[in-house]
Each structure stands twice: as structure tokens, then as C-alpha cells.
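The chains carry the letters A, B, C and D, assigned in the order they are written, with residues numbered from 1 in each.
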Amino acid sequence: MGTVVEFLKPHLLPLLWAVVIVAVLPLVAGYIVLLERKVMADIQARLGPMRVGPHGLLQPIADALKLLLKEDIIPANADKWIFWIAPLISVTAAMLALSAMPFGPVFQIADLNVGLLFIVAVSSLGIFGIVLGGWSSNSHYALLGALRSAAQVVSYEVAVGLALVSGLLLAGTLSMRKIVEAQAEQGIWFVFLAPVGFFIYLVAGIAELNRAPFDLPEAESELVAGYMTEYSGFRWALYFLGEYTAMLVVGGIGTTLFLGGWLRPFPNVAAFDFLDYLPAVFFLALTGYCFYRTPKQPVPIQKAVLGLFGLLCLSFAAVLGWAATLPAEAAARGGILGAFWFLAKVLLFLYSFMWFRFTFPRYRFDQLMRLGWHFLIPVSLVNVMGVGAALVLHRQAGWPLWQGLVLGTVATLAVAAWLVLVRSRRPVAAPPAGEEV
Amino acid sequence: MPEHYIPIFIFAVLAAAFPAITLIIFQYIRPAMRAVGAKLEPYECGIPPEGDARGRYSVRFYIVAILFVIFDVEVIFLFPWAVQYGVLGLYGLVTMFVFLGILLIGYVWLYRSGALEWIYE
Amino acid sequence: MAETPTRHVHFPGMDTTVLGADEIIINMGPQHPSTHGVLRVKLHLDGEKVIGSECIIGYLHRGVEKIAEHRSYQQFAPYVDRMDYVAAVSNGLGYCEAVEKLLEVEVPPRAKVVRTILTELQRIASHLLWLGTHALDIGALTPIFYCFREREEILKIFEKYCGARLTTHAFRIGGLQYEVYDGFEEDVKRFLADFDRKIDEYEALLTTNRIWVERTKGIGVLSAQDAIALGVTGPVLRASGVKWDIRKAFPYAAYDRYDFEIPVGSHGDTYDRYLVRMEEMRQSRRICLQAIEDIPSGPILGKVGKVMKPAPGEVYHSIEAPKGELGYYIVSDGTTQPYRVRIRPPSFINLQAFDTMVRGHLVADVVAIIGTIDIVLGEVDR
Amino acid sequence: MADEPTPKQPEQRQPTPEGQPGAHETSAPKPAEKPAAEKPAPPKKDAPAAWPKPLDNEMVRRFRRRFGDAILEAVEDRKQAILVVAVDRLREIAEYAREEEQFDMLTDLTAVDWPKREKRFDLVVNLYSFPRNERLRLKAAVGEQDRPPSLTPVWAAANWLERECFDMFGIRFEGHPDLRRILLPEEWVGHPLRKDYDILQQDTAWVRENLGIESGQ
């Protein structure tokens, strides 16, 4: 026992962090679902969940309870063991990818020197869960969904990889922490240096997540529910958990590599130091709103819940305000504020995922594959070459970096435009002879 | 640095155990499965499904799989190159241009042969 | 159907006939999110490509035509509302006009104009429902809520007019059931006033959306020849380039009094059908605007007796329902009950073109094509 | 109809008391088989029993010239043109109507049951011509055992309509590619739109077996 404690001692903080992640993640995923429903309602000119708790704040908890207690059905012809284990794979892979994610300079379970590679590798294991789940169900819809999912994820993996390489060229390291530090040193987020790479990452990332407009594996209007057709109750919820965790992972990678991770906007400009107080002010405003709305709730319980939520926000505001007053070198300051900024940027990603989902129709499968193989992969290849050339011009020929990058970007965009023109051949219907009355 | 992986290993165990344990615990709490008959059949819009779902599937999926292997390995090769790019400099650029050039030729061949088309006429 | 599946995957330089996938038979429906009711489509797939299809219908068959033979002319009128239950007003108009023709009764002009307004509002409502569900099928989650927002306005007008929202039974044989309520004109005008901006809103989401265009252009092409041979009518026919609309060809109600255009497509694909219906909504608005300005005064009911005994004989009357030609063939034997009522449902006959439209497309297109035909199973199965 | 003597009449006609609109009513040997609608009300009440009127326009003459005896009657009812034709030449007439007379669309195809007639069904084919903006109705009497020609080769639209006709009336079309029931289940017994099929009648055996209930009422 003693040796075990001794062995674990250096890892105590990461372990604590791990426990927190595992415990909190389902809750977070639940609230992301609530957020999504609220965003959807806002876009669609309605209110969204309003019944369970004030403004639907308790909806995720009610949903979770319902899903946990629902009847658990395993189809008779299903491959029981695989059916049992497949959603677990999905969830575990997605969660594992969080282990190397730097939520802040101190909140990281392990800073691997191959961090990014590890995350990409682990998160792509999630597809096993989907394929196995779809296959073991022994249902046509599920199998079609699973195969679509496999082909789709596999195709966009390449584009994601290439887009990441364009960021890596600028960072020169695979360690997630050092990638952020590189952006701090250079004083600029990589999204401004490799915009095309960021864009490709965003699109391909959505495709990897199987989210609209690339949500073909579960396209409800075609395949009913795709690979999840036969799943119900808690197993289904696990797939959902996996999906929303994967959203966090994709957002996290994008934030770290392109949006400066835990850095606040303009990290090196002293004139923007007041931004450090922004988190506290934001939560203070939220607190104010909650307290303002509390007396207007119809039911005492709703009043209590909203009041408690307001108190929660207030405590967040207090912690963040306290952190902002600490001296700049203090670890706690960087950690707490960093976590805020990191999560805020991840939320930005999540919001864009939702925004796309409620705005765009769904691609068809062949169009999806064509977009991936005919457009994103060649463009990202050229983009990597462009960024590489710009860096060489900068380092060896002494060009200003921005000149080279602008050149590279323009070249990439030119190739992209050419590809769009080339592939704009559409199946054209033979115009039927018009008839008049 | 294998000791870096210890927390990750523990985390992996946690991450796998948490859903599994929840699943098992709630198996005893929630009502037992009483599904019979059609409820246990795969869903096919209310009609008994025809044939087994696990038939031979379209060859195109295998082509995509093969292409993925090829291209993803290339991407993996690019990762260490990107990390060491500051050291390699112009030499790195030229070698990678050659490498990517070969890849592009292969890509163009694939493109023209129609292997990247999902629907073949 | 698909007895001889073509199993050729043309991969260059490879004899791939042996690599063909097993033909998969998939049932879509009767319980499926996007078969718009209880349509069952049996698809024969090669991979995801449709090589054959078969529509299996009848899950909602209620024997409306048989019921008609056992009801008096007036008693049967509410039944027709239940056929195309999203366009009940149009159904009622067709039936009432057919019986009026059989009775040779003249409908007073006031009733004609009000009928026209309500029917055009119904057309807008039906098209809005179509747009919302069609967009949902193709994966656009948002338009349906905007469409329902506007449709709600129309349904409220119906509700105020006759107390019912869907199965309205708004007209009666010989004229109108009710006089319009106070404020009817204002309600309709208020709805029409900014409705074209609402259409712009839908179009902003879809018309130039690249994904929408890619999903609909060239999908489910139906040539004019095929469309005519298959008896397809309504927007589907017009999208194939045939400029034919019963409102122009055989004007009924008060349509001869108003200016409006018949939108036509040129490619006969899903995108054209979308455009045609969008334009039809604008034209319906135009008709309503003209009609609401000038509702003639006078009686709302023509000279019909309490007991209707049409002279023996038969009549076929059809109107341009939102989904196509809705025809009633009524045979009278001189009694108070029709001897035979045959309903020519547009959805039923348009659905027949489904197989022609779907072959060679992918599973994802199947739902787009079902949506674009705009079927209502209550009418297909009757 | 009842009041005009049409030149070509295969059977001896009698003015039917109830004035049924069956265009070539033949109340067979006139045993008192129950009339479809027990309504001996004399139609004299609504005096101008104006319809149907004989029709004789250019088109009808063209049809007559081409098919002679096969055009049994040409009438107009509520200003709608009706040609009563012999069923054995229906296909030819349909082809001619489409090719020569430009009736390019089959609007509807249905039947009417007159159980006390010798040939109990009227096959009713509604046609529309786009170029002429005109409708035409073809009617043909079909006996219970007759197999009228399928019009599917002429208009593809006839496919489902004939299936529905078969489903509801039991008329078997000769040469139909896929003559199965369409609205009712495949194994259903009986044809509901026949007049002798009661409105409350159902295939009880089928309902019991497939729905697991005693009755669908």
C-alpha cells in the first residue's frame, strides 16, 4: 500500500484532475445538450426547454435520470458482447483524448511530448465504437450508418492531419503545452498565420464528429438513427456522451493549435490587461441576471434553483476576480484565468458547430466524400507546402513572415478556387421539351 | 518518458470503468428487460426485415479504407518533419516538396482513374 | 422491379463484376421519420444506390369512396376534408363545385371570391408545410419552424372563420357555410402584408445554399414526356416544363377575375419543383391581395334545396389542389345519395412517378424525392 | 340515354324507370332483381332532364369514321363529352385518342358498378388533351368475367389506376404488367366498391388473423 502511495505521489494533482473530469464530464455534456437546444430554439424562433427548472436548467439532470432508468433492450439477433461494449469504446476513447488536453497551464493530466499525436490517435479510436455498434445490431439501418461513419471519419482524418501539420510547422512541437507557449512567444494565434489550415480543420473536424451538415451516419430522415438505431436508454446516452465529449476534444485541439489555447486575446499587449477582469465581470453580469429573474419564477423550487445558480455564478466571479488580482507570475492566476479562456474558446467552437447544424441542410454521402477527397485533401496538401515555403523564406531568405504567409495563402486559395471550378460539373438534367397550353 | 503515461493509464482505467460501472449498477436499479417479440427485432420501420444485415457490402468502402491507409501514413510522416522543420530548413522544404510531389502524382492518378468518385457510372 | 440487379462497379482496369455487393433490400416505412405518413417504400440497394423501388400503400385506406355511396351529398362533404388533411379547404372546394355542377347551381359571386381567398390561403399553408418537411428531410432543421409560424397565422384565420383549423369543412354545396367574420379582411391583409418578406427569409436559407442546391439539382428528374405519360399534375408537372394549371385551363371559383402567373421549371428536378412551389406561394399571395380588395356583396348561398337530388347523370370536376389535379367524378342516380363518387387524388397518381424518379439515385435522395412529390397519405390511400 | 334513340345499340334498350345514367342500360330480361338504389321516384319532377344530350361534333365524327360500330354512343352530360365504346376495341380507341386526337394525358381511370345490368361494370376513362385543352370521357361496359385490355402500354399512368380498379371492383385487365391489389392487403377477399359489398362488410378472417382483433368495426 505504501509503495503504491509513494508511486502515485508525483501524480496526485493530475489524478485529482482525472477524477474531476470523469465525474463532471457527463454533467458538462448534459449541459452542452441543453445549450444546444437553447441555441437551436433561439435560431428557430422559439424558447426551447422551459419546464424543468427555470429556463430548463434542470433538464439535463431529468434527462439523465430518465435515460438511466429506461428499459434496456438488446435485440435478439444482436451480437450481445459487442453490442454491450461498443458504446463504452466510444465514450472511453473520447474521454481519453481529454487526458492530454491543456485546459490551462496547470490543468493538464499529462503533458506528453507527442501530445497532439496522442490525442488525434486516441480520439480516432472512437470510430470503433460506432462501427462495432452498428455491426452488432444486425440491422440494415445501423449497418449503413456505421459504414458511412467509418468511411467518412477515415476520409476526413487525412484532411484533419494535414491541417494540423500546417499549424505544427509554425509551432515546431507536438507537446500541447509548448504549442500554446509558442503562440505566446510569437505573440499571435496561429489562426492568423494559417487561416486556410484553420478553416480546413474546422470543416473536417465537424465531419469527424459526424455532426451536421455531415451527420450522415445518423441522418434521422434517411437512416432513422443510423448506427444508434437499436440502442436505447443508457447505452444510447453513452453514445451521446461520447459524441459530445468528442466535440470538446475537437474544439480543444482547435483552440490549442489555432486559437492560442489558454491565452487571453492579445496576451503580450499590456494595454489589454483589463481583459483579465473580463471573466469576473462576465460572471457577475450572469449573477445579476439570475438574481433579477429569481423573484419572477412562478414556483418556489424554481426560485431556489435559479438563486442557487446565481450563487454559483457569483462564486465563479469571485474566484476569477481573485485570480485576476494576483501577481502575474502566480500559477493560480494563469491556471484559473487560462481555464476560463480555454473553455470560452472551446464554447466558441461548440457554438459554431451548433450554428452550422441549424443552418445547413445535410450533404449526401457521395458529395461528402467528394468534398473530402477532391477538395479538402488537395487544398490542405497545397496549404502545407505554402506554409512550409513561407517559413523557409522567412528563416533563410529573411523575408518578413507575413509576406510569405500571405503569398502561401493566396496560392492555396487560388488552387481551391480552381478545384471548385473544376468540380462544379453537376449532373445536368436533360431539359424536357416545354409544352404550352 | 514512460512515467508521463502513468496518469494517462490511470485515467484510461477510470474513463472505461465509469460508464461500465454505471451501466452495471443501474442494471439492478432499473426495471428488468421485459421485451418480447417484435421489440427484440431489429428496427425496420415496422416490417420484418428481409435477409441478414451482415451481407457483403459495396467494394467502395474497402477502396476508401485502402486509400486511407496510404494517405494517413503520409500524414504521419509529415508530423515529425513539421516538428523538426526549424532545424531542417531549406533542405527540409525541398525533400518534402519531393515527397508531397510524389504523393500528388499518385493523387492525380487516383483522381483521374475515378477511384475517388463515390458513384461510378 | 429488381430481379436483375446490375452489379457493375466500374473500377478501371479491374474486372469488378465479382466484387459486387450483395443486393440489400431495405424497407423505408410505414414507420419512418420521412416517408410523410405511412408510405412504405421497398428499396433494392446496391451499396447505397437504388436499383429498384416499390411503393406499398394502403395503410391508411378508409374506403372514402364507399362511404360516399351511403351518405347524402351534404353528409359526405366533411369526409373529403380528411383526404388531404393539410389542404382540407381545397378538397372541400373541389367536392362542392363538383356537386354544384351536377346540380347545375350557380354560386353567388361573393361566395366565389371568398372561396378563392380561402383556397389560396390553404395553398400557401400546404406549401409551407411541404417546404418545412422537405427541408427537414434534406437535413435543414430550421425552415420548418419558420414555415409553421406563418402557417399558424393561416390556420388562425380558418379557425376564426369556421371554428376548425385543419378539417375545416369551410364551404357548403351552393356557396359558403358561414358569412366571413368581422375583421376577416384585416386579418388576411395583415398576413399577406409581410408574407413575401417571409418567403424571402426561407429563400435566404435555401435557394442559394450550396448544399441545398447540390442536394436538389439533378435529383429525381422527370421529363415532361414522362410526367404526362404518368399523369403527374400540379407543381411536379409544371416543374417539368409543362405550363398547365387548372386555374387557367378550366377556371373555377373566381380565378378568371385575377391576374397571376403560372411558374414553370425547365429541368424537372427537385430544385425546380422547389422553385415552382416557392413562386406559387408568391402568386397565391398575389391572388389573395387582388381578391381581398374587392369582395362583392350579396348572398353567400345559391339556390339549393335542403334536399339535394341531382338529375341522373354524371360529372367530372377537378380543381388545382396544392398537390395537383384533384378530381371528383360523381355519378347520380337521381336520389339524395351519390351513386358513385370517384376521387382522383393527385398524390396517388403523382406517387406513381416515384420509381421513375428514384432509380439510380442514392438512399439520401429517396427522402428528397418523396418530399418533392409532396404526398399526403390520407389522400393516397383514401 | 333514356330519351334518345342511338343508332347503334347492341342490345335492345328499355327506358329505365329510375332513369339511371348507365349509358347503355340493358335491364336484361327484366326480372325484378333489386335495383341498386331502391328509388322508383319518377324523374319527371325536375322537368328539364336535359342531360345527357347526344353529341355530334367533328371529333365524334372522326371517331365514328375510324371505329364505326365500336363507338356505341356519343353523349354530352353537363357539357362534358362522353364516348361509349365497345370494350374489345378500347385499347385501339385509346391509342387513337392519344396519337391522333392528342389526348396525351390519362387523368383518371375508374369503374362504376351496375349490378343488375348484364355487363355490370362501366369502365370510365377520363382523358385530357394538353394541346386542345379538352377533356374526353371514354366509357365501356365490362362484364364480370370480361378481361378488358390494359391501357398501361398507352398511358403509363394506368398502372396503379387499373390496380386500384382491380382491387375495388375485381376487374381483371388483360396485359397489365403487375395486376395486384394496391390499397387492400394482398390476401383480402372481396372487392369493396361493388354494390353487393356492404359498407359494414369486411374480410373477417383476414382481420382476425393479421390484426389479432375480432372485428375492424
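Keep in mind that, in the parts below, contacts are C-beta pairs under 8 Å (C-beta built on N, C-alpha and C of every residue); 3 or more make two chains touch, one makes a residue touch a chain.
Nothing here was measured: the structure is a model prediction, and the numbers come from that model.
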Practice item. State which chain is most central when centres are taken as means of Cα atoms. Key: C
Practice item. Taking each chain's centre as the mean of its C-alpha atoms, give the chain farthest from subunit D. Key: A
**Study point:** Distance between the centres, which are taken as Cα means, of subunit C and subunit B, whole angstrom
**Key:** 44
Point to revise | subunit A and subunit D, separation of their C-alpha mean positions in angstrom | key: 66
Review point. In whole angstrom, how far does the Cα centroid of subunit C sit from the Cα centroid of subunit D?
Key: 27
Review point. Of all the residues in subunit D, which ones touch at least 2 other chains?
Key: 130, 133
Practice item. Please list all residues of subunit B that touch 2 or more other chains. Key: 44-45, 49, 57, 60, 119
Check your understanding: Residue numbers in subunit C touching 2 or more other chains?
Key -> 24, 26, 32, 48, 226, 228, 242, 244, 249, 362
Check your understanding: Can you list the residues on subunit C that touch subunit B in the complex?
Key -> 9-13, 16, 19-22, 24-32, 35, 40, 46-49, 362
Check your understanding: Touching subunit D in the complex: which residues of subunit C?
Key -> 57-58, 61, 63, 65-67, 69-70, 101-102, 104, 226, 228-232, 242, 244, 249-250, 309, 311-316, 318, 325, 327, 329, 331-335, 337, 339-340, 342, 344, 348-349, 351-352, 381-382
Check your understanding: Any idea which subunit B residues touch subunit C in the complex?
Key -> 44-47, 49-51, 55-60, 63, 113-115, 119-121
Review point. Tell me, which parts of subunit D touch subunit C in their complex?
Key: 18-21, 36-37, 39, 41, 43, 46, 49-52, 77-78, 80, 82, 104-108, 110, 112-113, 124, 126, 130, 133, 135, 137, 155-157, 159-161, 164, 168, 181-185, 192-193, 195, 197, 199
Study note, to complete from the structure: Touching subunit C in the complex, subunit A uses residues 40, 43-46, 140-141, 144, 212-213, 215-216, 219-224, 357-367, 426-437
